[in-house]
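Alright, structures below, take your time with them.
Shared chain: subunit A. Partners: subunit B in the first complex, subunit C in the second.
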Partner chain A sequence: MLGLAAGAAGSGLLRPLGLRAQPRILPPVAEADALVAFGHTSPVTDGGWTMAHDQGVQAVRKAFPRLRTVFVESVPYSADATRIFRQFVAEGAQMVISTSNYGDFIRDVSDRAPEVAFMECDGHAVSGNLGWYYITHWYASYVIGIAAGLMTRTNKLGFVGSFPIPSVYAGANAVLLGARSVNPAVTLQAISINAWFDPQAATQAGTALAENGCDFLCGIMDEPAYLRVAEQRGIKAAMWNTDMRQYGPEAYVSSVTLDFRDYYVDLVRARLAGTWQPEGRFLTLGCGVDRDPWGRTVPPEIAAQADAMRTQIMAGYNPFRGPIHDAAGRLRVAAGEVMDDALIYQWDWAVAGVTGLD
Partner chain B sequence: MAGTLQRLPTVTPGRRLAWRAGAVVTALAITTLFLALSGRDPRLLADLVVRSTVGSRFGLEDLALFLTPLLLTGAAVTVTGRIGVWNIGAEGQFYAGAIGATAVGLYLPGPAWLVLPLMAANGIACGMGWILVPALARAYAGVNEIITTLLLNFVAGLLTTYLAVGPWHDRVTGALASTGRLPVRIPEIWGVVHWGFPIALAVVLGLAWLTTRTRWGYQITISGANEQAARYAGMKVRARILGVMLLSGGLAALAGVFEVAGTVHRLQGGLANNFGYFGIVVAVLARGSCLNVLPAALLMAFILNAGIVLQTEQLTASAVLAITGLVLFMIAIADELAHYRPVTIRAEARP
Partner chain C sequence: MIDLLTGTLSTAVLAGGVLALAALGEVLAERVGVTNLGVEGLMSLGAVIAIITVVATPDPWLGLLAATLAGAVGGMVFAFATVIVRANQVLCGLAVTFLGLGLSASVGHDYAGVPSPATFGRVPIPGLSALPVIGPAFFGQNLPVYLIYLVLPGLAHWVMFHTRHGLAMRAVGENPAAADAAGLPVTALRFWYVTLGAGLAGAAGGYLTLTYVPVWSEGLIAGRGWIALALVIFAGYRPFGATLSGLLFGLITALSFVGQARNWPIAPAFLNMLPYLGTIAFIIVPVVVWHRMRRIMAAPAALGVPYHRDVR
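For the complex of A and B:
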């Protein structure tokens, strides 16, 4: 009897919804009646990822003073996330924005609340009332990679990553491809520490990479621990999320900086006006993601060479073009082909020269 | 005439209940005071908490979903407590159960009526396997089970993360750091509440009967109270320790099976959500009685659920944790104070 009621295999639906595939047009909301809810993955004071999103929340508050916003920080990646999103809906939110990937935890709620607009940062699914947005950080990483390739003396780059997931693959691969475009002898060694915010583990990983001969550290971390390692050891480092040069002014090269302010204001404006539609949206280089102004020890000619690529990318050039081989030596992108953003967004293999991710 | 305090050797359930109710009220009063001092309206918050936990269908569904794993992990720690053993590894056995269930769910195609019981059986077997070495070491070599079971939690948690991002990683739907969605799920009976909830309730009631009404349960209690005496009376103490610990591992694993097959539907790191550790809190509140696991788990579920409501009202997660700690701290003090009663000593009449 248990089995008969178990429902269709693989069905993500909790109850049948006719409008699942079609985008729903949600009616306009008066600013004074609106509630927009944000779910963050770490504390708003993390000095990195969530702080960048919180600046976006503050921009929304400033642009719409009569609108109510709520946020929950440190939303765990477990069934608790579903409870928190359900609570947002129960409190009457017209729009729920999750500033990190919560996958099924958000989809389970959005399918049951078709009258609420959901947006998921780094999400991968679009439904009738759920969309996603993400920054094309790989272009900024590529630009920084060029500087890394020109600045390294040992030709070994280190990468402190969290989990082997597409955004980490894209970050590490982009740095290496950027570096190899100017210095084909460069390799990159990655270490995954199973966390986005763990200064102790990041310090250990950074130290291990430096011991292995890496003289340029990069990675995707919410905090500046490995920059401090680089500063102490007299090597270089590039960071993520925000300007972190104060933690290591000599070692600091640049950072993949994020800015969600304009995007969040536009998003909320569209929801209030009743013009919001579920879609997948990339924020491009210069419009939400960029490299930070170069550190004071970066030679001007190197900065200029890297910035020349940045200008090219902003004019529409895509540097992710074949031939690109994976770490096992197989040709994955043929000569003459380019990897567009949609492909890079799903990147789940390491390019030749990257070790430690597969 | 002089007043003094007298310590009672045993406390009646009614007396303890009264003290505990007082403790919860005191903790809530202190919380209210701090909320008022920080410029919030405690009445508004209290109203919201009640409305979003027990005052609405939505809240009751969430409460049942919290209760399901808490009942089982609470029972897992409680049964070992009856024989004087502390299983701190419910978190790890929870993961082991989830891993075992996922292995079957992902790689054994078949109808749900067949796959779900197999998932549960394999999950329970994995949970028992996870506690087997600590149990053998405790029963036959006297190795402290608190350390061994605790340390295996980290192994199980990391193993789960490894499987979720490594060999079992979902490369189909692009879900990050988790396995593919299980093709079968435990059917729901009421909103999002699935069959795991009534089964967990039944398991706890069954355990209450088993531990208090059977010869096996009696032997457990005696072995826990006085190992030497139990051995002298011919009881197989080591076998009982082994049996109880395996049972405990199986119970915690069943919680993991329900969480992955009923609620989350994918294996991923962080799945256990500290339910194994909260099980220890439930067991401490239940004071060794499986029947008491029901109200203890209910209180814990209410606190956790209220915590989420308060977070959406912009209280930080740390404040919620502090409130939880305060409630449990007050209950611990109340449990001790319940042993004392004021008595008046009359001056002895002198002839």
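For the complex of A and C:
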């Protein structure tokens, strides 16, 4: 056993794990020699999440014309992901960016390729050569929530979610807290459809919510199915990822829009210059994530009221402050305390008024 | 409450239509003795072809026609392999599923997420659509819904059980050797009914993207082809049985979302599981509960068996 381990380590295939606490400084790379690889979770034509990342890839190409980029679409959440990331390393990539959370599947590869820089969107681990980045989408959701609270007539918001994970908790909670800041009577009903991209299930979920009295639909979906439901039924909807107003111009309120272009260019520039450091990084409101320009049916005074909060947040204000109770009525954030980004990033409970997530 | 009932039923009719149509197509194929396990792939193909067609020419009927033809072409490939070459039906069916899924994914790559520019609008039937609850659900739908629930199964039932041709068709599925001895064209009947059934599976996919979920994405069919296969057994290989079980199944699907929206104290994971539990129940229940049903609902005797005239 010992001999095997020593042999494997000696051959350079396997390296001892967990011994490199110190971040490595990776040497600079000439632009013409560099290869940056992207692993996407869905096709670049999905019109949502991966399309936003692909726009970032294109910005990188434009900023560094001599650099090579490769990407793989629809990387599965399985050992196949490990194989794909390992392939990137074998091809000689100096930087690998995964645009979704692949957890241990990427960690397995990064630990064995210490000379390659890895970045994981929505990741949580930082190692010697692995970092993560994420968007603080909850601020945009909060701003949209203010509009929702002012626009709803039935005081019932509907939320089409995928899985009960922190991003979805943060999204639903932020919308409700935003809405309650202007209209304390609002409640939010969530449905989990077990997918990020399932137009059929999202349509059914949106329909069921509308029939249950919700007159404002929101959620985190990679496609516009529930916006079309809202359009047909004459209610409102707020979306995610991109501007989707063409699919429901009357119903469209806004969207949590993503923009990774500047960040990816900065990231690649740092790697080329040899200044890249593995770290966790939140992209703030206005720098990577924002609310989309308001839909044409949003009254100007409501848009102005929501935008006032957006301006405040961009100036550094954090609206996630106590007292915040969870759905069971327990006090989770005491009066005077604020939830910082790191805490919101781990959000795993529903605030009072949100049902259907716990 | 009434609104909720109407809405749920309306969703059930729409969602069930996909399954009803695909199951009807499979009834045709299985009645002549061929198990076509390729329904999932054929539906997928139909769904993507329908979208591609309406993107080119925004007419939903053209889209539906193209989806039917795409399914039929896929069915011909399958029928050639299983009826004429007489290869193993299970393996060929699985191959058609993978072929259809893969082909539709690559053909539809550039159309993923593109909403369908033309869909079927509602055509309420005057008078009937004003009935409470069932009116909007059954008589306030689009034209394909009426086709799927009434016209097509009616036609299939009449041909199957009230014409000589239908007798010949069923004979081929029960005892092809006897049918052959009686001078019936076994190979031709099998070939064309399998093709027709596959065409309906393609149409079911097209119906999905032209009415219910007007967008293409990989994995859109999400196992509905397999569920349709199970429904054929529950339906006792009868056209109206296929329609009704499709509707019942649509209701189960709709309920799983209503349950979440109304906060029933049932875990969402369980509610999402309902359609699949339903599938298992649909296969088991008829044979366990009603013993007499075993005979009435029995599969065609020669189902799945290739017919070799020369080795008889």
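The working rule: the second predicted complex is superposed on the first by the 340 of 358 C-alpha atoms of A that agree within 3 Å, B and C clash if a C-alpha of one lies under 4 Å from a C-alpha of the other, contacts with A are read in each partner's own complex, and residues count from 1 in each chain.
Note that a contact is a pair of C-beta atoms (placed from the backbone, for glycine too) under 8 Å apart; a residue touches a chain by one contact, two chains touch by 3 or more.
Please read all numbers here as calculations on a predicted model, not as lab measurements.
In the superposition on chain A, contact is made by A:104 with subunit B only, not with subunit C.
Contact with neither subunit B nor subunit C is seen for A:55 once the two complexes are overlaid on the shared chain. By the touch criterion defined above, A:181 reaches neither subunit B nor subunit C.
Comparing subunit B with subunit C, more residues of subunit A are touched by B. In the superposed model, A:232 lies in contact with neither subunit B nor subunit C. Look at A:194: by the touch rule set out above, it reaches both subunit B and subunit C.
By the touch criterion defined above, A:70 reaches subunit B but does not reach subunit C. In the superposed model, A:166 makes contact with subunit B only, not with subunit C. In the superposition on chain A, A:91 makes contact with subunit B only, not with subunit C. Contacts of subunit A with subunit B, set against its contacts with subunit C after fitting on chain A, overlap at residues 43, 74, 194.
Remark: subunit B residues 52, 56, 58, 62, 65, 111-114, 116, 158, 161, 165-166, 171, 173-178, 181, 183-188, 192, 195, 259, 263-266, 268-273, 305, 308-309, 311-314, 316-317 touch subunit A in the complex. Those residues of subunit A lying in contact with subunit C across their complex are 43, 45-48, 74, 158, 189, 191-194, 197-201, 203-205, 207-212, 214, 222-225, 228, 247, 355-356.
Contacts from subunit C toward subunit A in the complex involve residues 3-4, 7-8, 11, 15, 109-115, 208, 212-215, 217-220, 222, 253-254, 257-258, 260-263, 268-269, 272. Subunit A contributes residues 1-7, 9-10, 12, 14, 37, 43, 70-74, 76-80, 83-84, 86-88, 90-91, 101, 103-105, 122, 124-125, 163-166, 194, 346, 348 to its touches with subunit B in the complex.
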